[in-house]
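Notes to accompany the following structure.
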Amino acid sequence: VNVEVDIGAEMHRWASDLFPICRSLTGDGVRQTLRYFHNLLPNLAIHEVPSGTRVFDWNVPPEWNIRDAYVADDTGRRVIDFREHNLHVVGYSEPVDTWLTLDELQTRLYSTPEQPDAIPLVVSYYTRTWGFCLRHRDRQKLKSGHYHVVVDSTLDPSGHLTYGELLLPGESADEVLVSCNICHASMANNELSGPVVVAALACWLMSAPRGLSYRIVFIPENIGSVVYLSRNLAAMKERIIAGFVVSCAGDERAYSMVASRLGDTLTDRLLRHVLRHHAGVFKEYAYLWPHRGSDERNYCSPGVELPVVAFTRSKYGEFPEYHTSLDDLSFVTPRGLAGSLDVLKKCVSILEGNKTYRLTCLGEPRLGPRGLYPSMNKPGSGYEEDLTKLMNVIAYCDGNHSVLDIAERIGIPAWHCLPIIDRLRHEQLVEVAAR
Amino acid sequence: VNVEVDIGAEMHRWASDLFPICRSLTGDGVRQTLRYFHNLLPNLAIHEVPSGTRVFDWNVPPEWNIRDAYVADDTGRRVIDFREHNLHVVGYSEPVDTWLTLDELQTRLYSTPEQPDAIPLVVSYYTRTWGFCLRHRDRQKLKSGHYHVVVDSTLDPSGHLTYGELLLPGESADEVLVSCNICHASMANNELSGPVVVAALACWLMSAPRGLSYRIVFIPENIGSVVYLSRNLAAMKERIIAGFVVSCAGDERAYSMVASRLGDTLTDRLLRHVLRHHAGVFKEYAYLWPHRGSDERNYCSPGVELPVVAFTRSKYGEFPEYHTSLDDLSFVTPRGLAGSLDVLKKCVSILEGNKTYRLTCLGEPRLGPRGLYPSMNKPGSGYEEDLTKLMNVIAYCDGNHSVLDIAERIGIPAWHCLPIIDRLRHEQLVEVAAR
Amino acid sequence: VNVEVDIGAEMHRWASDLFPICRSLTGDGVRQTLRYFHNLLPNLAIHEVPSGTRVFDWNVPPEWNIRDAYVADDTGRRVIDFREHNLHVVGYSEPVDTWLTLDELQTRLYSTPEQPDAIPLVVSYYTRTWGFCLRHRDRQKLKSGHYHVVVDSTLDPSGHLTYGELLLPGESADEVLVSCNICHASMANNELSGPVVVAALACWLMSAPRGLSYRIVFIPENIGSVVYLSRNLAAMKERIIAGFVVSCAGDERAYSMVASRLGDTLTDRLLRHVLRHHAGVFKEYAYLWPHRGSDERNYCSPGVELPVVAFTRSKYGEFPEYHTSLDDLSFVTPRGLAGSLDVLKKCVSILEGNKTYRLTCLGEPRLGPRGLYPSMNKPGSGYEEDLTKLMNVIAYCDGNHSVLDIAERIGIPAWHCLPIIDRLRHEQLVEVAAR
């Protein structure tokens, strides 16, 4: 059984199930999506925050729901139809039911001449308006005449913003934050890849005892992190030792990260390390506008200052399918999703084992009597490489180097250090000096 | 009105007025020069320090004045004439009136075969001697015979060393030092460019309220800074937060700086920043002999250790006209002077605004309701660039980054940050955390 | 008299005297070698440590002595003969006296097909066995038949490990450690070069008063440093400010160092500095297995953490003659040995003079009246270079820069700074601020 492909295929299946749902900052699409994840993660708590609630410098927006929307010609034929693709409607469009000439209609249409086959994503969360998005190729086919324009939506100031929260307590109160979004309309990489990878990570975390605690959130982008921070800031500042925004995590073109605001937190060092050894080549974006763009903007903001980085494959804004209907389930692959999951599992494994160890003897220890000397019997056994790793791990178990420090110092992946440390602990050659 | 060219032309005019005066470490030429600046800067105080005064490891030299000097042939024709150019006499020449053969005369002459049309600058401040300097081309024309040699000078051990001092108090006692020289004989870049740029800077400083205080000195080189430090060291060490030696500031060939002794003071960071963004390319010289050579030698010396750097266009010692009669008013230009003034004004503006700010809200603030969102209406309006600057300035108003820190972090000139900070203060989105 | 060649030739003579002796971790060969050095260094103390003594994670091995060893054919002719070269016997071979067929004998033979003229070094200190080493070319000449195999050795569990220790007290209790090995069978670079250079250094140290104390040890490799540390750790941790493992110090191909475990001790900085200026090009190996390999493994180990680096010419493991009979007295040269001695003398001179100085005056001092101004009379006298060094040394006598710091800052060898500092002290222009 190829576990990696299996879990990749499973995640892709989840994304396919969720793809048709119309998600936005608020509304029933978000609830439906969270219910899906609740089936996978029974401890997922679903929270509702009333529209209008003051959160830091913002207010929770009215709840938006939409039943139908279309532009029909005078024969009643729908030339733009929300039922065909939910990107056809500008997000948060207010309700409308009217007739327009083509010229009038054009002022409400959005298309991209450079990508004539793509429906662009357009939203207007904080300015009341309405509009339609369509493939430029289709727009050019529109004929003069009168059009019936209908948006059957509601913007409810007494509604709610909905988000999911999964708290996985471990031995230690120290927490790892994993954050992803459930707010974009049907898009695969810049949306569903995030929550499906995070859900798979959560399943894996729940399958074994944990030294650390985990705070996993499924939130609408930006306003969601503001809402979440406004309710949990004190606890988060006290407990979070590392955090990840997971977004655009499903294609195979690249591995990327957006560094934290100061660029030197444990999470920065960790993700750089993992990506360097996992992927060889990766892209690091500084925390500078317009590189940053997802919830790291709030997690890292002055006064909040959590050690959070954004982990992506092709970063938001850096691939041509971004924010269009081309960001679909063919762009996101089982293999791409599985690669992201593997990176996060490596990060978590290192965080769990990232203690500081101290050698229990002075001088170099004897390996032979303890059976620690790697076997050189088998040709091609990697004997010399194993001995090199072992000797170098031992050399830096000095009570000052964490496992990540050791790995960086001796130039090997930290996940190669962990089993060596386990063996040395078993032989009582090293002991924990500090977390 | 092109203000920059205007002030450049004005400074060049001042230099032209002052060019003919014979200046040296001491004497009436220095007094005459300081009186000229006193007309521009009525608060300029002129100080006299008696010859022989012990100053640190040195003594103030006797006062030197010269009325006339020449070498005449036996027909009475002056073949070398101080009245033609005051570089013809070795600086601090003692008086003489004698007849010499050409061979005897040759031992008292200085010329430069490699620059046959240049009169070299020669001085002998601390060893009593006399001599003449001339163009090598003219020297070769001297015929055998007897010459009447006259230096009509005085070296008065009861004289004085003269310097000017302008103190501009501001809201804060923190001071910026600006230091220039008024001691060299007729030379334009390696002398007059310094005081005319500094005088223009002082006029500009006096035209508006100041947050900081300014200590502006017009002194003879080296002995002048020793004298000045010996009288003001305690106050200077307590108050000076940044300082500039301004010399060779009038040509157009280059921008340069000599770093402070440790190379990492606020002034070093500031001038590097301004030159990088103002000039694109500039030369930085380490504080190593023989790069250093002006008053920074004393301001930065062990035990004094002020945060002072030298700002120059083509640095002393690095241009062929240096210390010759070719360093004249055609080498120094209005445009060259105006560029130096602009650099210093930028430095001062940044220093005045270089506080640390703290965002008053948590998470990213809303820009729209405050009218802070840059207008995207006008095509080519630079909307994206403006938004980028705004978002990045906000991201680092964390109470730890000064404005200069922010500018360096986000890669824009600090003088672009200042109006953004002003706007944010006006909207009460940031508040001062510390100077 | 060319002193450098003289001392080089002297050291090479010592190595020639010592070459035939069969040394190992323990035994009379070690004692004989130490007695030779005792003749040169009368204060050398010779210590005996009983076999079986527990030292950190190790035990002192039994004492090994060997009188004779050979493989003879059935005519009695010795085809492998310990008396010809003591590398012919596997180190620590247990006694044997038996007859073997060629096939049986082959399982006990070691040779290197890639180096058919070299006898390889093979040892088995901690696993009881016996064997013979020979040139591969000779091995191929062995004919079928029966062979008489004799190893006339003893492995005495009541024996001792022997090492030499020379303590040279100076004004200060601060110590410099110099460590070398006296355990390998007849090999010139990877063995004798170390102790002969160290002995010459010790002779030189004893010839003049010392500010620092010196701890010089002649020990068997690895187990020797464990033994020595186990007996002296507290004093060494308190006193040692710098330390050198000297090994493979006699060829002319390269200069090299193995950095300390953290790579940033005074000794690291010092040896880098000396090698950069002495040799121009040198190789630095990180303290990573398998680069490290001599006693630095114990001196730098966690909990011991002495500031020790290994100094070598061609590093152990990095030259083809390594651990073979080709590492002989033609590979090691007087010039090679003299170069290593010179490096160590430079290191010691800098350590002795590496104080922090403070200028006694403010501002730049006057050089002329003190006769410090370098003479410019002689053409090609290096006047400008001398002035540059003098001015730059003065500039950094600020009470914060040690002599090594100054040298690094101004880019000249620290041994050029020392006479300048002496001159400045004589003129009372600088005073000691701190060691």
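Going in written order, the chains are labelled A, B and C, and every chain counts its residues from 1.
The rule we apply is simple: contacts are C-beta pairs under 8 Å (C-beta built on N, C-alpha and C of every residue); 3 or more make two chains touch, one makes a residue touch a chain.
Keep in mind that what you see is a predicted model, and the values were worked out from it rather than measured.
S.K.: In terms of residue numbering, is the interface formed by chain A and chain C classified as same (over half shared) or different (under half shared)?
M.R.: Both copies touch with mostly different residues.
S.K.: Suppose a student superposes the Cα atoms of chain B on chain C; what rotation angle should they report, nearest 5 degrees?
M.R.: Angle of rotation between the two copies: 120 degrees.
S.K.: Taking each chain's centre as the mean position of its Cα atoms, how many Å separate chain A from chain C?
M.R.: 56
S.K.: What are the residues of chain B that contact at least two other chains?
M.R.: Not one residue of chain B touches more than one other chain, so the list is empty.
S.K.: Please give the residue numbers of chain C that touch chain B in the complex, ascending.
M.R.: Contacts found on chain C: 358-359, 361-366, 368, 384, 387-388, 391-392, 395-399, 410-411.
S.K.: Which residues of chain A touch chain B once you look at their complex with the stated criterion?
M.R.: 55-58, 126-127, 222, 225-226, 229-230, 233, 261, 287-290, 292, 297-298, 300-305
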